[in-house]
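Questions regarding the structure given below will be posed in turn.
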Amino acid sequence: MSSWTLDEVAKHNSADSCWVIIKNKVYDVTEFLNEHPGGSGIILKYAGRDATRAYEPIHPPDALDKNLPRSKHLGPLDSNAARLVEQAQQNRKKTKDELRVAAAYKQRPSLDRILSLADMEAVARRVLSQKALAYYSSSSDDQMSYQENAHAFKRFFFHPRVMRPVSRCDPSTTILGYKSSIPVFICGAALAKLGHPDGEANLTRGAAQTNIIQMVSSNASLSYAEIMAAARPSQPLFFQLYKNVNDTLAEKRVREVERLGYRSIWLTVDALVPGNREKDIRSPWVLEEMESGQPEYHVDVADGVVEGGDAGLGTAGALIANDDRDMTWEKTIPWLRSITNLPIVLKGIQTVEDAVLAAEVGVEGILLSNHGGRQLDYSFPPLETLYRIRKQRPDVFDKLEVYIDGGIERGTDVVKALCLGAKAVGLGRPFLYAQSAYGVPGVVKIIRILEREIVTAMRLMGATSVEDLKPEMVERVDWQPLLRPKL
Amino acid sequence: MSSWTLDEVAKHNSADSCWVIIKNKVYDVTEFLNEHPGGSGIILKYAGRDATRAYEPIHPPDALDKNLPRSKHLGPLDSNAARLVEQAQQNRKKTKDELRVAAAYKQRPSLDRILSLADMEAVARRVLSQKALAYYSSSSDDQMSYQENAHAFKRFFFHPRVMRPVSRCDPSTTILGYKSSIPVFICGAALAKLGHPDGEANLTRGAAQTNIIQMVSSNASLSYAEIMAAARPSQPLFFQLYKNVNDTLAEKRVREVERLGYRSIWLTVDALVPGNREKDIRSPWVLEEMESGQPEYHVDVADGVVEGGDAGLGTAGALIANDDRDMTWEKTIPWLRSITNLPIVLKGIQTVEDAVLAAEVGVEGILLSNHGGRQLDYSFPPLETLYRIRKQRPDVFDKLEVYIDGGIERGTDVVKALCLGAKAVGLGRPFLYAQSAYGVPGVVKIIRILEREIVTAMRLMGATSVEDLKPEMVERVDWQPLLRPKL
Amino acid sequence: MSSWTLDEVAKHNSADSCWVIIKNKVYDVTEFLNEHPGGSGIILKYAGRDATRAYEPIHPPDALDKNLPRSKHLGPLDSNAARLVEQAQQNRKKTKDELRVAAAYKQRPSLDRILSLADMEAVARRVLSQKALAYYSSSSDDQMSYQENAHAFKRFFFHPRVMRPVSRCDPSTTILGYKSSIPVFICGAALAKLGHPDGEANLTRGAAQTNIIQMVSSNASLSYAEIMAAARPSQPLFFQLYKNVNDTLAEKRVREVERLGYRSIWLTVDALVPGNREKDIRSPWVLEEMESGQPEYHVDVADGVVEGGDAGLGTAGALIANDDRDMTWEKTIPWLRSITNLPIVLKGIQTVEDAVLAAEVGVEGILLSNHGGRQLDYSFPPLETLYRIRKQRPDVFDKLEVYIDGGIERGTDVVKALCLGAKAVGLGRPFLYAQSAYGVPGVVKIIRILEREIVTAMRLMGATSVEDLKPEMVERVDWQPLLRPKL
Amino acid sequence: MSSWTLDEVAKHNSADSCWVIIKNKVYDVTEFLNEHPGGSGIILKYAGRDATRAYEPIHPPDALDKNLPRSKHLGPLDSNAARLVEQAQQNRKKTKDELRVAAAYKQRPSLDRILSLADMEAVARRVLSQKALAYYSSSSDDQMSYQENAHAFKRFFFHPRVMRPVSRCDPSTTILGYKSSIPVFICGAALAKLGHPDGEANLTRGAAQTNIIQMVSSNASLSYAEIMAAARPSQPLFFQLYKNVNDTLAEKRVREVERLGYRSIWLTVDALVPGNREKDIRSPWVLEEMESGQPEYHVDVADGVVEGGDAGLGTAGALIANDDRDMTWEKTIPWLRSITNLPIVLKGIQTVEDAVLAAEVGVEGILLSNHGGRQLDYSFPPLETLYRIRKQRPDVFDKLEVYIDGGIERGTDVVKALCLGAKAVGLGRPFLYAQSAYGVPGVVKIIRILEREIVTAMRLMGATSVEDLKPEMVERVDWQPLLRPKL
């Protein structure tokens, strides 16, 4: 295989023949253009040029190997070209957003000043790029489910018991049989590299230091192998499966992660089509406005052409473009059982009825989730679904493990979910924020904060183990708690 | 018939003899002054002068033919006069409001940046004239019903089902047997020309392109024939009847629209007298203040005369001044049946009791509506009425078709109404805003947005047709959802 | 009796001998100082000087005759003294507050621009003196009952009926057998002269022009005779009795008003001791700050004296200082029956239990009221009390007439109260505001606005008389209506 | 024992040998460093130097005697050293916070302008040091319990009775048999010297003047003897016990206060571990920022060290570091009975279940409390707990006395609690604020305000003694009262 000059590559700058450079290697993506889940437009923007900077934060390193035939891997740049690319990258004028982020990064407080998850989020919101923040923080439509997820916790108050010995207090639990130091796990979340160059490995290392468990997304921005490589020996990792519409590809993915040592499969069932995340969709326009100093709105040209193409579906849409939209209880669960012996958890159960069906079909667990409010707006807050299962079908808790995610902000939130019957709770965004702002130490900090808050709450409730947390220790109050604290 | 000079017309500038020029024709409106539903004052302001600019946006072209005897049509201006009128119009100094509108119009974003109905309304609020916005957006008294119409939807959350095949999803339905691509129709709304010179025809053409159905108001600003002429062959149009107190005139109107090819009669029953729309009433004063730079308030003169005449009833009052305030179940429905074979829908049912009466009297449908909160303030939100029918008298849904309008802002709102039993939902203001801001493409855009939102919501709920949407898939929650989304 | 010079009067400038000049007459109030309900301090401020300007707006002209023995009426100023007093008054520098009021008064809008009671209040808040506004608008403690009075109405929504003939609609009713053009009366409210020199007579004349009924307060700032003199022949006036602790004085008052022609006695039972109206109490300090330009807070002197005397009880406290705090069902009602044949209404009933007791004791009516939120904070909103009587003891409505006051802002509010069983509703503050801002025409305007709003609401509900308004036409909704209208 | 020079002391400036000067006496605290509940860091800051200014406001004078062996009391400074220390103190540059406080102190309004507890708090918030305000006002996590404590009272409305004689009204009651002029007591609260140099003695003297009862905290900043010395003969004082983990030390404390004449023991059961009071923890950083003019956030150093030590637990954590976390019904109550004959009250009961257990175990009273929202966030508001006891187990009120604290702001709040069955209510922060702002007169003022408000409310409800206050006179309303009063 020969090596290439920039001029040679530059000739292939159209949909007819489209080459791109990624990390000094040249790829012919002409035939792939129409298959690209994120659309051809974004690739053509880099046709005949170096695309590394756009490509890298949102693709795992093995994406090209998995998706582009070897024949289209055209080989390396020659050394002069590689040098020119590097120079161009070094000389590139930083965008306003990059300058803003760099300045904010220097101003981060030291970690001992971070007292709460809210403190951490506040730092992350300053140091994240506009695109990363838009992707991490966006939720669907009017963000009602997103905010009601957290709001639901504010309706549950404690009935704390006194005169019980609490000097010893152990907040640990197990999840699918694996020990966890606190009843919290890291929920699968895509694209950690958008926030930090080490990406999902930050989470893996933070989990290792604190003995909690990470669930890895199919859409991680590192390869599944790289993430497993970041783990300590015997550190359990779970895998969040987005099932490809093509059963063969889907099976290949499952067998890969089982081989790599992942310990369970969390099948995503609440994200068959992309939610309407307007902040994410609008993000490039906002960025454009920020960089140009011009208002976001495009002025109509004189000839009255006011209709453009339809807006895309944002980052989220691209990630699930090839997923299976026709999964069923009868077909999909047996198929999954047939190709793996790993325990199966359904991620995205939103009703009592489906919780019962899951128990009947015999999966090992369910994660009550509305995808962090990122999919169907006005889907029920998971805590309310948990509360309904507790009231209507408490037998479900005997048949499988029940987890929830969405809206957890404090240790008291975790304790509330456990009182109602949850085995553990998942957090997604807080970990993305933490690793973006501080890398591994940020991840560890979040867990330490939660641990301290959980133990304090347990002791003040008269509980010394997770088994002591009972439904009668929480009450869903019938008034509307105030939202803005005085002072 | 002779032609007229401006001087000749100018002599007739009082209530004793009042001539006006409209589109270069001269009319003697002296005897009509007292019959004018909008009052004589507004006509006398133009006595002896050209009134075209004030007349045109709020009257259909055939209004003079229908309301003024031929003998009062005095004939055309002479050519010199016509030229002078045209020059005057061209030389006329634009008002501040017109200049504001023109500038805002140029700044409209391209349509592909419009992601939601809220985005569209935001543009329309900038490009509409003060008068048009006041008429379109006003509602009665303290706007409680107006805002509660929308607020009601925020109390209904989804119980979405998973593991159901949704790759194919068809949101179409029928209304009175006519196919509609989505379960949405364009509700009758008056005076579209206030917002765009093509008026209601924009809606007709947008409906044609997207295969949905338009209901045309008795108070349209185009003639019923003009609107039908804008339709494609076989495109179904419905007619919203405001019944004149004079049965003969009312019958004439019904027979006209039946002859023109309208497919059903939607009899308005919730607007017998005008609601108290203060923003609409206050509009001329606000405009006056805007143009003069003086505060809205008039200083009392020294002699202490503080009492002026009573404020008018705004645009809305004028439109229904001659309507029948004594309709009854026993009299009016049989009368209407006797003069037309078209299906009949009652527009403005607001109670379970009246829904039952409508079913008993045998009309083909009812539209649950409080007139967009523009009539009786504190009338029940239609969604809550729908919910009560579902709870108390579900048999009603078997006897006629039930529609609702008022407060719909998202595809999820449409889906909620369908879950509860609505056959389709009507939208009024969003279409007026869309046609005002972008003409036909704006109307099409609104429908495409709704279609995308409806299909996304259906799929994420596990539904692939409108029949799959069931009452148990929504829950009226007993808490108060937050209103202000975080970030 | 001789006449006096200013020098002679000026010698009596202490508590030992305290003379004051009122309207050019000299009074020895030395012995009265301790009896003055407003305290001696305010009188001593004017000892030996002209007190007319402070005295006049808050005392009826016959107050001195009724309260000061003839021997203390020392006679007139001599003509030179009278001239000097007048000059001093003319040369007096206007206070900042007076200048503010005068400017605001000139800027009042013409009355035809007043569309609602809220519009009227907005004008009044600008043109009232600081003291008058503080007295009129103040309510007790944290103003919870004040605001919940109005808030209660926002929870009641209408179930309007359609297809009923409403071209004729009559909103009139009777109160204790006296005809009223609308189901609204003017509630007793003290000190109308604070807002307008003609005081309560403005209300009398406005009621005459519109055929509604005025209730006159014991604490009116005109004499009961003056108010009756302002009435038209046969115009009914009601009397609000604050019963003096001294039965003889109380009987004298009742006999006086019966003799003058008042038609009923409304015995106040909810204001035995003054409520804690902080705005009213604070008013002189705010005024002091306004005039001096210094902050309200007084700096402590160096010697550390930080404790002053207790704050007074404001204007309200003074008015009821001598009232009977030991009224009982067994004693007071029979006593009142024994001295008058007029119908008796109890003003200030706040519970179902007391409504039942009132029915048993046989009074002609009860006014459900918490004194406009000016007495006990957190006392129940009258509309909620009315609702409880309707639910728990509907028989009460058959035994006496039930009225309510407090929180009425719209015609729809009146209609809601009537649906629940009220015979009529009283308004206080809106009439004080109206007469302050515009005199008689303001009062008439308020009534016309209410009439229009009531008739519109009745028609849109399918009602043509007050008898058509039924409990089933309102529903107390179980959600929290939004408070801030959009736009 | 010799006397010391500053040079000699200054040599002992490290953890190896740590001496400090307090009030001109020298102490060797080397061995005590690790036992100091507030951590060694804060002591080492003053190693070899004068520590009086930091020590004094937060330690009672007998703390050194009680906690440091006599052998470590090294004796006095010599006279020259003492003079130098005094000079240094006098020459010390005032901090910005001290200057702010001094200026605000001079601007305090005279006490007669203080109309309510809210007025008093507003003054205190201005005159308190940053540290004192942070400690007094802080509460745990998101302050939900703190604000819901007060919010709970806003849901209870009155059903006031009329026509009852109220000219005589006596608000007095008894607490554990001791007379109290109003049903209010001063709740135990630590560190009064932070706000005023006379500390808790201000409360004692204020209670004496008004005949109410003070509960003294184990963590008072005066010695228990000093506080008792401030009392009048026979003035009852109660003692709030934080039980040391060491039973011998705990017994010593109980025997000391019994010997001193305290009349009852209030055992704290809701503060076994410190709540998460972020404002308190953050206080030194805020102060640091205030003094330096630099933002609170510390910039990370270049080498990427972002992790500091964990934040401390604030002032609150230090106070209870040695408390017993393993108290039980079976063990602790009998132990306490065995060492004292004083009546026992449990402070911090938060559930109906524990109220029943307390009644069964036979203590004399319970204080329903969540520690002012300073411990477990989302613990139930005490008023709601009281309401549940009233509904579910009214027999509890017959078996012991029930008190509540937390969220009381008005006399009406006190009356509500009494209607529901409370014997008296405790207030903490308001008294700390009052003594900080005005010393003893401030404390007296608070009580006078409450007395006036309670008597007014009782009379307006038709009650003349605390026995007249009945459960049926309050209703927990099912709507959400508005929070922001109009005007």
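A, B, C and D are the chain letters, set down in written order, and residue numbers restart from 1 in every chain.
In this section, a contact is a pair of C-beta atoms (placed from the backbone, for glycine too) under 8 Å apart; a residue touches a chain by one contact, two chains touch by 3 or more.
The model shown is predicted, which means the values in this text are computed figures rather than measured ones.
Trainee: Does the chain B and chain C pair touch with the same residues on each side or with different residues, judged by whether over half of the numbers are shared?
Mentor: different
Trainee: Comparing centres built from CA atoms, which chain ends up most distant from chain B?
Mentor: Farthest chain from chain B, going by C-alpha centroids: D.
Trainee: Centroid of chain A to centroid of chain C, CA atoms only: how many Å?
Mentor: Spacing between the chain centres: roughly 64 Å.
Trainee: Using Cα averages as centroids, what's the distance between chain A and chain B in whole Å?
Mentor: Roughly 45 Å separates the two chain centres.
Trainee: Out of chain C, which residues touch more than one other chain, so two or more?
Mentor: Residue numbers touching two or more other chains: 478, 480.
Trainee: Touching residues of chain A toward chain D in the complex: what are they?
Mentor: 106-113, 115-116, 154, 156-167, 410, 412, 416, 438, 441, 445, 448, 452-453, 456-457, 459-461, 475, 477-482, 485-487
Trainee: Could you please specify the touching residues of chain C with respect to chain D in the complex?
Mentor: Per the touch definition, chain C meets chain D at residues 137, 141-144, 146-148, 151, 155, 269-270, 272-276, 278, 281-282, 285, 295-300, 305-311, 325-329, 332, 346, 348-351, 353-354, 357, 370, 375-380, 384, 478, 480, 483.
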